[in-house]
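Listed next: structures, encoded as structure tokens.
Same chain, two partners: chain A is paired with chain B first, then with chain C.
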Partner chain A sequence: MSSHHLSGLTAWLVQRLSAVYMALFVVAMTAVVVSHPGYDYASWRALFAQPLVAVTTSIFFISLLLHIWVGIRDIILDYVGGSPSMRLLLLSLLGVWLIAMGIWIVRIMLRVMLI
Partner chain B sequence: MATMLFDIYRYDPEQGGKPFMQRFELDNIDPGMMLRDALIRIKAEQDETLTFRHSCGEGVCGSDAININGTNGLGCITPLSELKQPVKVRPVPGMPVIRDLVVDMQQFYHHYREVKPYLIRHEPEQEVEFLQSPEERDKLDGLYECILCGCCTTACPSFWWNPDKFRGPAALLQAWRFLADSRDQNTAERLEELEGPYKLFRCHTIMNCANVCPKGLNPTKAIGLIKQLMLKRQI
Partner chain C sequence: MGKKLKKNRPRFLTLWQIKLPVMGVVSILHRISGLFVFLVMPLLLYLLELSLRSPAGYQQVTALMTSWPFRVGGWLLLALFAHHLFAGIRVLLIDMEWGSALASARRSAWLVMVAVVVVLVAGTLL
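Here is the complex of A and B:
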């Protein structure tokens, strides 16, 4: 499968699946938070140390980064039509930024889950 | 009888200068008159240099697509009685203007050609007709009626942004017309051709196409069905 194969249908599918997952996650998370009033720092950490919460939260952030990638890529492809090099530059910047965010998120998640 | 005001886009690149809107006043407007009739009369009675395309005069040939008060449509089937005054008449947007209301449709036809709008068989030609059941034939309704006027594609922001890469609603409607045809055997190749971020997937379901189509067709729906078929064949 060529790389251009991944860039049309797959991107479109990723956008939709990540949107559905994030919507469900936000609803579930809101329900959890609302049903336990009076969170303090310790109970907040305990919540995210639970494997189920940690895993679903990690998937949420993966979905978020993928969703941002497809969405911002769409905006770049739409509005920066004329100049391929400008498009490449912006897509690279976006990629670097998302990878940095990803590393940062992994660090936070690891610290929350391991300690 | 009634008098109507028209502001018509005028531009002649060969003469240089800038495009401008020219005011025309037309009297003796009949109740049933269409916009095309008014343009013909303005050209005959007031300014013979006014240039526009038209032919059949009844919404079949698809040659008089213009932008009427901001919305694309066919001049020949747009009743003057429905239009706010002054009627602003412009060429369809997003296309190079050749003169006044006449645009260069090259790009549009290019995309149409690229979707191979004809039946392709891989098996050897058979000696008899290719039969279709009534149900198979029904699948082509809402697709084959397209008159290639270009109202939809030139109303589509995705086409304005990427006119060289995005196929546009009209071509994609025809792509689906042949994907949906039980006699066509080129499905895999057709879908493969539309893959990638641009040709099909620049569509963001804005739906201007379905809003303006003078034949009441729905290219957005056809595009959705192409995506569905792609997905089905992936899994």
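Here is the complex of A and C:
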């Protein structure tokens, strides 16, 4: 095993730090949305275009992707025990999938911020 | 040697005969709810993208969200997400050795279940 996979203590820590950030973000975002009833397209979009919201939302998505990597990796390692090549295949697919999600998210966020 | 040990490990996977304690139920649901949220993520991203793309897209998303299939699905997703959140908070507290004794671990596991129900009721009222 190469040493700088997201594993062991690092993975454990990443899982928890991302969890705390996401929990705080979700609570704050829910409070913002609920306390401001009557959204329409313009105000919904303006919300995400605010620098503070754009940055915290981007950090949320980065946390989410890291959190998913560690969580689904754990599931794969726990249940696909027998075959190392199968494990490698599934972990690679997960990696590719998460990178694709990341690119998609960047596109969404850039469009909100720039256009 | 290692191989032999592995082979002799007992396996008992008759799921309907396994009686999990409530902590075990919370734990496996934590895993299942996480997997489920991962699986619906593309749909949620698509809805976010659509809602931010154009006024028509925004209309489409709000119309979809008030439709019955989406309300039921959203309710289920809320339950799974709430469970994942509360079970996660419980794990963090236990990591800090807060409530890791058997009695309090059992109590907090029940508390997670109750909190999910409370969120669901609140979600229905909103």
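Throughout what follows, the second predicted complex is superposed on the first by the 110 of 115 C-alpha atoms of A that agree within 3 Å, B and C clash if a C-alpha of one lies under 4 Å from a C-alpha of the other, contacts with A are read in each partner's own complex, and residues count from 1 in each chain.
Criterion: contacts are C-beta pairs under 8 Å (C-beta built on N, C-alpha and C of every residue); 3 or more make two chains touch, one makes a residue touch a chain.
Quick caveat: nothing in here was measured; it's all calculated off a predicted structure.
Novice: Name the contact category of A:105: first (chain B only), second (chain C only), both, or neither.
Specialist: A:105: touches chain C, not chain B.
Novice: Identify the partner contact of A:36: answer first if only chain B is touched, second if only chain C is, both if each is, neither if none is.
Specialist: The answer is neither, since A:36 touches no partner chain.
Novice: Residues of chain A touched by chain B versus by chain C: which partner has the larger set?
Specialist: Here the partner covering more residues of chain A is C.
Novice: In the superposed arrangement, does A:8 touch chain B (first), chain C (second), both or neither?
Specialist: first
Novice: Answer with first, second, both or neither: which of chain B and chain C does A:79 touch in the superposed model?
Specialist: In the superposed model, A:79 contacts chain B only, not chain C.
Novice: If you stack the two complexes on chain A, which partner ends up touching A:71: first (chain B), second (chain C), both, or neither?
Specialist: A:71 sits against chain C, while chain B stays out of touch.
Novice: Of the two partner chains, chain B (first) and chain C (second), which one does A:23 touch, if any: first, second, both, or neither?
Specialist: second
Novice: Spell out the part of chain C that touches chain A in their complex, as residue ranges.
Specialist: So the residues of chain C in touch with chain A come to 31, 34-35, 38, 41-42, 45, 48-49, 51-55, 58-59, 85, 88-89, 92, 95, 126.
Novice: Under the touch definition given earlier, write down the residues of chain A that touch chain C in their complex.
Specialist: 16, 19-20, 23, 26, 34, 40-42, 44-45, 48, 64, 68, 71-72, 75, 101, 104-105, 108, 111-112
Novice: Of all residues in chain B, which touch chain A in the complex?
Specialist: Residues 157-158, 161-162, 164-165, 194-202, 204, 227, 230-231, 234.
Novice: Would you tell me which residues of chain A are touching chain B in their complex?
Specialist: So the residues of chain A touching chain B come out as 4-5, 7-9, 11-13, 73-74, 77-79, 81.
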